[in-house]
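Below you'll find the structures, each written out as structure tokens.
Shared between the two complexes below is subunit A, which has subunit B as its partner in the first and subunit C in the second.
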Partner chain A sequence: MLFLKLKRENFFQALGEFSEYALYVPRREGERVLLKETSLQDLPENLYFERTTGSAKEILFPQEETLFYFKRYEPLERPKLEDRKKLVLGLRPCDAHGIQVLEDNFLNLEPVDVYFKRRRENTLLVTIACSQFEDNCFCDSLGLGPDRLNGADAIIYDLREAVGVLSRSAILSEKLKGYAFQFQEVENEDQVEKGEVPRRDPEQLPILSPEEYLALISEDKLWEKISSPCLGCASCTYLCPTCYCFDLQDVTYGPVGKRVRTYDSCMFGLYTLEASGHNPRPTLKERWRQRFLHKFSYIPFLEGILGCTGCGRCIEVCPAGIDLREVIKDVAKFKR
Partner chain B sequence: MRQDDLFLTCQKAFQERGLDLLLGYEKSSSGFLRPAVFTAPESLERISWDPSASLNLATYLPRFKSKKVGILAPGCVSRSIIILINEGQINREQVTIIGVPCRGLIEKRKLGDLEGVRLVEFRDESFVLEKENQRRELNLEDYLSESCLSCAYPAPVIYDYLIQGPSREGSKGFLEKRIKDLTRLSPEERLLYFKREAEKCIRCYACRQACPMCYCESCFVESSEPRWLQAAPEPVDNLIWLLTRVYHLAGRCVQCGSCSRACPEGVDLMSLLAWANQSVFELFQYQPGLKIGEKPALGEYRLEDPDFFWGGGQTEGKKCCS
Partner chain C sequence: MWQSSNANPYLPLPARVERVRFESEDRSLKTLWISLLNEKDRENFRFRPGQFIELSVPGKGESPFGIASSPHEELLKITVNKTGTVTKAIHQLDQGDFVGIRGPLGNYYPIEDVLGANLFIISGGFAFTTLASFTEYVLQDWSDKVKEIDLVYGARTPGMLLYKDLLEQWRENPRIKVHLTVDREFPGWTGLVGFVPDIVARVDVDPVNTYCFICGPPIMIKLTIPKLLEKGISKEKIYTSLERRMKCGIGKCGRCNIGPKYVCRDGPIFKVSELEKLPQEY
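For the complex of A and B:
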């Protein structure tokens, strides 16, 4: 990893080096904050960006994507893989943690997802250490932020007059070096100067081990209690930075068509409905158990990292007001 | 409305009616209300009701068909219950309605950044937010939902128990004006407006799940044979979803705004819903959810019904929503 310090004006100049990249930043449009292409001139001087309404996953794993086209009696045709280079600036450390979970699923397991892989290779993810906490966010309770590199290619720290960049991408390091007044190799991200990062007394959340969580799988009363106000919509999973479940559907027009991948949600009954009519997760109780254990037991067990980023989006959008922090506490009470 | 009145009445209802559960609200850590299912009279100490509630509790009723259920009901919820009874989804005997006065519900989105903010209290015409010991008093009327600004029946229409307290005065106008503005646009401009709204939709179906009238066990969007629309959030499919839901709710929607507040993307759902309801009212002089035993306007045929759309009938030449 390389830690670079740049004067503010030089930092913006350095971004000019990335002319072959499309620059994406969070931008407010009415009630929503979306990742939008922007020009270098339109970047805010103070490098403050709002948290996006949706999560960063859509930049690598869009809600809808065509995997191939088909035509009767003819071989399948794969669409041209997206080769547009993107520099995504202004995401948060929690978003970057979500990307890491996605990478583990799409890249580190066989078969490798070629669509995701191509996008990831063409994307530079530069996060910014949070200058303030957002509604309901709790990454500090999970030890994931608000100033950690997580799955990003680089993270930016506001050092008042200067901009600190901690980079683990060779391309980024190479291009920024010429503009930095100081740079050094670092082993550990805790060694670097981070400037003023907001601190608060993080709420202590009792996170159990994957095995301890797994032992609660048959606690029907627990899952029933937690899921009782749930409505079974997918706003939490669609906005979650780590939810990567998808559905495959054929869109046909007579003899031609395409196979499309779209987000799916374990909160829907249709998600596990089998052709026979049997549904192994017939009620919200089983669906909630799946969603919770996937994030807090299965992903930590398989990937070694937490499947929750603490971004707080699910808490903010839940129409039934379910607060994941309280769910975490409720679950821990059942620990054996 | 007094808190002990609410608690004692609910407890009384729970015991007198032998309820299995009671649907109400409790305060979340930020002071805003969230739905809660109370299964024992002792737990009712936490029950609470104020304008920070969001979800229409009648949404939960079809889940508890075999249970005796109590429910807190302001005007819109009581009307939803009437429709659910009229449409054969629940029995009147099975539901115990605890009517509550309603001063309108807050649209949380209008409050902006809520990091570290706690809702402290409601006063007569305002409410108080606190952040880092700084208090801010806001005028309730300015932060009410669109649906509540156009609510004709804030007080419960039917009830078994009633909590005393002032309700907002019934007032129409807000959404009606929006509809007028939209009808003034050319059809192309209007289509463009709703296409833009549809583009925001991520098809999480929070609107459907938050709606007491969307109780179908299998929604048309889930059908794969035939497939009515694609699962992917293509703008045109989103528009089909939003419009079809509106048609299914025409003359059935009580305009509680539950769907609109549940939408994570802030899609304008209320304009179309209010427009469909207004059309049904103009054509059939029917308002949903006011009388038990009534048939829904679109579920009944009367000889005097207008049938201008196929050429004859008594309202020849009349167009709806003129």
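For the complex of A and C:
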């Protein structure tokens, strides 16, 4: 990893080196903050970006994408993989943690997902250390933090007069070097100067081990209690940075068509409904158990990292007011 | 087992339906023989009994089916129950129609792990597909490396039994004891009468040196396992194949998991001793 310090004006100049990349940053549009393509001139001087309403996953794993085209009576056509290079600036460390979870599913566990891989290779993800906590976020309660690199290619620290960049991307390091007044190789991300990182006494959340969570799988009363206010709308899963479950569907236009991949959600009954009518997860009780255990037991078990980033989006969006922090506490009470 | 990392695991290989046949008297089950169009794909497509494919009907979608042909056959055989949108479309396919195939997917019945033992193959209804493949494969390739082979296979009626041609051949093969059963008496039926778990209870097998392979409707599996345990067969020696709704077939899309195990990637074949450690979510 390379830690670089750049004067503010030089940082913006350095971004000019990325002319072959489309620049994406969070932009407010009415009620929502979306990732939008922007020009270098429109970047805010103070490098402050609001947190996006949705998670960063859409950059690498869009809500809908075409996997390939076909003609009804002819062999399948080769898919077109997206080649556009993107520099995504201004996401949060929690988003980058979510990217790590997605990378494990789509890249590290065989077979490799070529669509995700191509996008990941063409994307530079530069996060910014949070300057404040958001209303419902709790990454610090999960042992993560608002200043962590996580799955990003680089993270920016606001050092008042200067901009600090911790980069693990050769491309980024190479291009920024010429503009930095100081740079050094570092082993550990805690060694670097981070400026003012928000700190607070985090709420202590009882996070159990994947095995301890798995052992709670038959606690019907627990899952009933947790799921009882849930409406099954699945908004939480659409906004969650680590939810990657998807559906595959064919769309036709006369004799031609395409296979599309769209987000899907374990909170929907149709998700697991079999053609015979049998549904292994027939009620919200089983679906909530799946959502919770996938994040807190199965992902840690398979990928070695927590499947929750503490971003708090599921808390903000839930129409029934379910608070994941409370759920975590409720679940822990059932620990045997 | 996987294609190289450069291959696109979502892209079906082009294939053609070569032959179709109604498999059951009520025409709810149809068998298709399929060939891959490209020479290179045919060479690369190597499967073991127990594995499955995702069959695409362009415009209708994709569904998983266990491979019913033995690895030596030139054409891939699957048998499809008409239930949902995709399977209805598959039933309308005829010779010469174009389809797509992804696979082979999933794990397989581990014949190498059970050499020198007796095999007890148990199946019911149209779930017989991969075990028919396995039985034929064992008879062709491993016959001199295993001891006794018993097959219990049952259906509601004689007309609902799959692959009668194969069953006839096996009945004349001294290497295998075939116990065919139907749910109740039928005119002209000379085989056994009774449900699969009860027939299994009556078959005499050596509890110490017998490996069991079960595939059937969930209720049959559920009732058969205790009968095997009563015989003294260990849970380590009972394999069963599970089914779940699937989409990707490669452990990515998230829906077919039972606890941390994906049926498509870690299964579909599990030992009963492994299933015991998982939630009863199937």
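Heads up, the rule we're going with is that the second predicted complex is superposed on the first by the 335 of 336 C-alpha atoms of A that agree within 3 Å, B and C clash if a C-alpha of one lies under 4 Å from a C-alpha of the other, contacts with A are read in each partner's own complex, and residues count from 1 in each chain.
Heads up, the rule we're going with is that a residue touches a chain if its C-beta (ideal position, glycine included) is under 8 Å from a C-beta of that chain, and two chains touch if they have at least 3 such contacts.
None of the values given here were measured: they were computed from a predicted structure.
K.L.:
Using the superposition on subunit A, decide if subunit B and subunit C clash or fit.
P.N.:
Aligned on subunit A, subunit B and subunit C fit with no clash.
K.L.:
Once the structures are superposed on A, label A:Gln249 by its partner contacts, choosing first (subunit B), second (subunit C), both or neither.
P.N.:
both
K.L.:
Check whether A:Glu110 is in contact with subunit B, with subunit C, with both or with neither, and answer first, second, both or neither.
P.N.:
The second partner, subunit C, only.
K.L.:
With both complexes overlaid on chain A, does A:Ala320 touch subunit B (first), subunit C (second), both or neither?
P.N.:
Once the two structures are laid over each other on A, A:Ala320 reaches subunit B alone.
K.L.:
One more residue to check, A:Thr262. First (subunit B), second (subunit C), both or neither?
P.N.:
A:Thr262 contacts subunit B only, not subunit C.
K.L.:
In the overlay, answer first, second, both or neither for which of subunit B and subunit C A:Glu274 touches.
P.N.:
In the superposition, A:Glu274 touches subunit C alone.
K.L.:
After lining up the shared chain so the two structures overlap, which partner does A:Asp135 touch, if you call subunit B first and subunit C second: first, second, both or neither?
P.N.:
After superposing on A, A:Asp135 lies in contact with subunit B but is clear of subunit C.
K.L.:
Return first, second, both or neither, reflecting whether A:Glu31 touches subunit B, subunit C, both chains, or no partner chain.
P.N.:
A:Glu31: touches subunit B, not subunit C.
K.L.:
For A:Ala180, is the partner it touches subunit B (first), subunit C (second), both, or none of the two (neither)?
P.N.:
The answer is neither, since A:Ala180 touches no partner chain.
K.L.:
Angle subunit B-subunit A-subunit C between C-alpha centres, in steps of 10 degrees?
P.N.:
In the superposed arrangement it comes to 90 degrees.
K.L.:
In the overlaid three-chain picture, which partner chain does A:Cys233 touch, first (subunit B) or second (subunit C), both, or neither?
P.N.:
first
K.L.:
Check whether subunit B or subunit C contacts more residues of subunit A in the superposed model.
P.N.:
Of subunit B and subunit C, the partner in contact with more residues of subunit A is C.
K.L.:
Once both structures are overlaid on their shared chain, how near does any Cα of subunit B get to a Cα of subunit C? Whole angstrom is fine.
P.N.:
Closest C-alpha pair between subunit B and subunit C: 6 Å.
K.L.:
Looking at subunit A, which of its residues have contacts with both subunit B and subunit C?
P.N.:
247, 249, 264
K.L.:
Show me the residue ranges of subunit A that touch subunit C in the complex, using the header's touch definition.
P.N.:
It comes out as residues 67-68, 70-76, 78-79, 105-106, 109-115, 210, 214, 217-218, 244-250, 252, 257, 259, 261, 264, 266, 271-276, 278, 280-281, 286, 290, 293-294, 297-298, 301-302.
K.L.:
Along subunit C, where are the residues that touch subunit A in the complex?
P.N.:
2-3, 5-12, 14, 37, 56, 58-62, 83-84, 87, 98, 100, 218, 243-245, 247-248, 250-260, 279-282
K.L.:
What part of subunit A is in contact with subunit B in the complex they form?
P.N.:
These residues of subunit A touch subunit B: 30-32, 53-54, 63-64, 132-137, 228-229, 231-235, 237-239, 247, 249, 251, 260, 262, 264-265, 268, 270, 317, 319-323, 326.
K.L.:
Within their complex, state which residues of subunit B touch subunit A.
P.N.:
Listed in rising order, the residues of subunit B that touch subunit A are 28-29, 32-37, 54-55, 59, 109, 113-116, 200, 202-206, 208-210, 222, 230-234, 258, 261-262, 264-266.
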